[in-house]
């Protein structure tokens, strides 16, 4: 098999992972929210309702493809893909095991963040092309929010990058063999989870959707599988930021005290996934517990609190590392 | 002075506590709750022990109903007693207020606990409670006694 | 506030009126051209709140009722005036902003023209609906239920 | 005495939303001008609590003007009441304020009783108070839940539904209906309390104390929620007075008035309760006042269950009631505020004119005053904080 074939297989595997992730995460979200809200969640389709999401996907696929008459046809058509494709691209540099990544880039982290920052472009396109005022407000909110929270997100990941001395996600994880970065980089971690929640439009920062204000914001006019793509992208973003958090702060595939254990190393992808899903669970828990912050407070919080703190943290850590650790 | 953020964490604690309490869902078609005795659903006629309806066709329920969902077609027999041709009840328009049963002087109708009223056909929403029966009019009972 | 405070206020404002104590409470009747000066004087004199404003079709004309309340002493006052059919309802919204909604409602439901109101649109019904609260508009009843 | 006219006439000309987008910019600045956006919020919108339609004039996300447009649920209850006998009107009134049907029924019964001079037995008064307080709890928990939903918190809504379910079960056992009670009749109530309902109520109250504190901690204790509702939608005392606000909305603005205390009816003279009042007039104060009202309701229900007197549950009332010709106004404190029935009788078997003074109707008129100048997110929260029920507004 030639190299191109291998890459193609890897990419397809990642696409499959994305789709399966989407299906599993939607089911998980419903169950988690249901239990948090003293309900049962889906339990009718299949055992324990496991096939509920599959049924929904089938429903979305068979639905009529509606396009608002006054919509900007081309933009409207392409927007879900502009949301979906970057979200898929962001999967590529993720390292699931010691040598398990679609592609191992020296600047994998940069690539991932760059891909993530493309998503609001699609959201704004969707909001604008729908030619609905609610969608427009949602799209504009997404743009403002993304600009505001991209900065603290980037600054927060700088701490682990400095410690590992690399932007390659595998190298960052390998650098955490003995010490998870969450301990030295606790402040960066707090900033990261807040910024990541905001960056992926999760409650309490789901400004662009804002169910009770903008109905579903930018996705208002979408139906059928187009909406499915927007929805899927949302869940895959959730997975990405959680996986990134695990890679940067929680030692990726390493289990404490079993870093040399061959069994633990052979189970690396599984451990990585479990950690990621635990992160996702916390995000869902927040979604079930917290009210939504207001849009001006959200922006003020970023510009006035998160960015100064993360900037000063970067400076402090850089000085600390240069003057104390590396002599 | 509370530290900013403790309330948020407390919220996490409360939702998790509610998770631990378990769901309160009643899985409807399999599980059913018992209705309290006073629950009011469809109007249903009552019968005597011998199977004759208690209704005397006094028409009070028809007059009492604010939504006019009850209609009695009554004809008079030669002997002066009443014969119910049809006692029609529009379930679809009924609001289950219970005024008819409260007004009935003969205790001939009651509000049953039949609450699964959804139907595929509009015709199901109109019911015939009684059809082609003689009334249990007090006068008839007296007449039969004198005959005997 | 003494029980006859409104008398003093209205006299000072030189408003012709009759004042009686009925089962309802103190009722002041006046001519509809005097409503604005009268309510202005009452509002300035301590009747803080317009509790309610509504109109009634008396059979000969339309009677407007302004229900006022003074919170110091919980004095209640009903100001009534009569407007002929298709007459003019003069807004008092700048005296009591609470009248903004009820005036629109009264004007549409009893067929009056609303003047002096900042937004004299219909409130509850659509354009072309007959003035529903007029006694001349009949209420449909039993014929609405379709018996099969 | 405050000048009530100040608040509305402070700017010249009406500032109601015009049908077309306004461009309120000076000449010559057109290149840089931002166009105002007219946004139709509702009648189908998750946060308008039914079928309210609010026209928002936006500059960016900032609301320049708001106009509430109602009437989507107009069923002509006032007109229909003119064709119903007195004991039949209750079925209509349940549907006016569908979250608190018992209050509307009681207001009507009080008006009829006062007009016809019917003496109500003491037990009937106590049953009325008991059911009304249960109903107030059932309505207030819905408000708390939907208010949280408006701010984006989903959990409280599901939790209060559990409490409301228990409350409705109790009310169903007493009245036979879950929302459409048709229980209070002129002269008393329809039926006596069923056996064993007092233990049911006590058992509920014991768990509800915990649940209520949890809901309060989940909403009011949350810093995000506090940031959302503090200093939002401030209604000054003068504005509240001028717009004829009622109930918790009014008390949050510093007007100490409660129909239960100041125009007593039913058994409220015999009960020990406090009327919570706040002075800020913002959404936070409305939240605090209503939460405290719930605690007072719990307190009152305990007293009512413990001290339920013996006796008749209804007075002797003729089958077809013909009150003498005249007028009567009777008010109750519904969950939304002073709910009054102004009854005009001509001596016949049906009311000549029945006017429903609904509190939410007057509370809604404040929307323009309270919303203008805030953000869309605030508009949603402000409307939620007013606790509107469209069935009562549109009648």
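A, B, C and D are the chain letters, set down in written order, and residue numbers restart from 1 in every chain.
By our rule, a contact is a pair of C-beta atoms (placed from the backbone, for glycine too) under 8 Å apart; a residue touches a chain by one contact, two chains touch by 3 or more.
All values reported here derive from a predicted model rather than from experimental measurement.
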From chain D, the most remote chain by mean C-alpha position: A
Pair of chains with maximal C-beta contact number: C-D
Rounded Å distance, chain A centre to chain D centre (Cα mean): 43
Distance from chain D to chain C - Cα centre to Cα centre, in angstrom: 23
Intercentroid distance (Cα basis), chain C paired with chain A, Å: 60
Chain centre separation in whole Å, for chain C relative to chain B (CA means): 42
Touching two or more other chains - residues of chain C: 141
Residues of chain B engaged with two or more neighbouring chains: 8, 11, 14-15, 18, 24
Residue numbers of chain A (touch at least two other chains): 36-39, 288-290
Residue numbers on chain D that touch chain A, as the complex places them: 37, 39, 45-47, 61, 148-155, 158-159, 162, 218-219, 222, 224-225, 227-228, 375-378, 380
Contact set on chain B toward chain D in their complex: 4-5, 7-8, 10-11, 14-15, 17-18, 24, 35-40, 64, 66, 95-99, 102-103, 111
Complex interface listing, chain C residues touching chain D: 22-25, 43-46, 48-52, 54, 56-57, 65, 67, 71-72, 74, 76, 78, 93-98, 100-102, 118-119, 122-126, 132-133, 137, 139, 141
Interface residues, chain D side, partner chain B - complex: 84, 87-88, 90-92, 155, 159, 162, 165, 169, 172-177, 180, 182, 190-191, 194, 214, 217-218, 221-224, 226, 319
Contacting residues of chain A [partner chain B, same complex]: 34-40, 285-286, 288-290
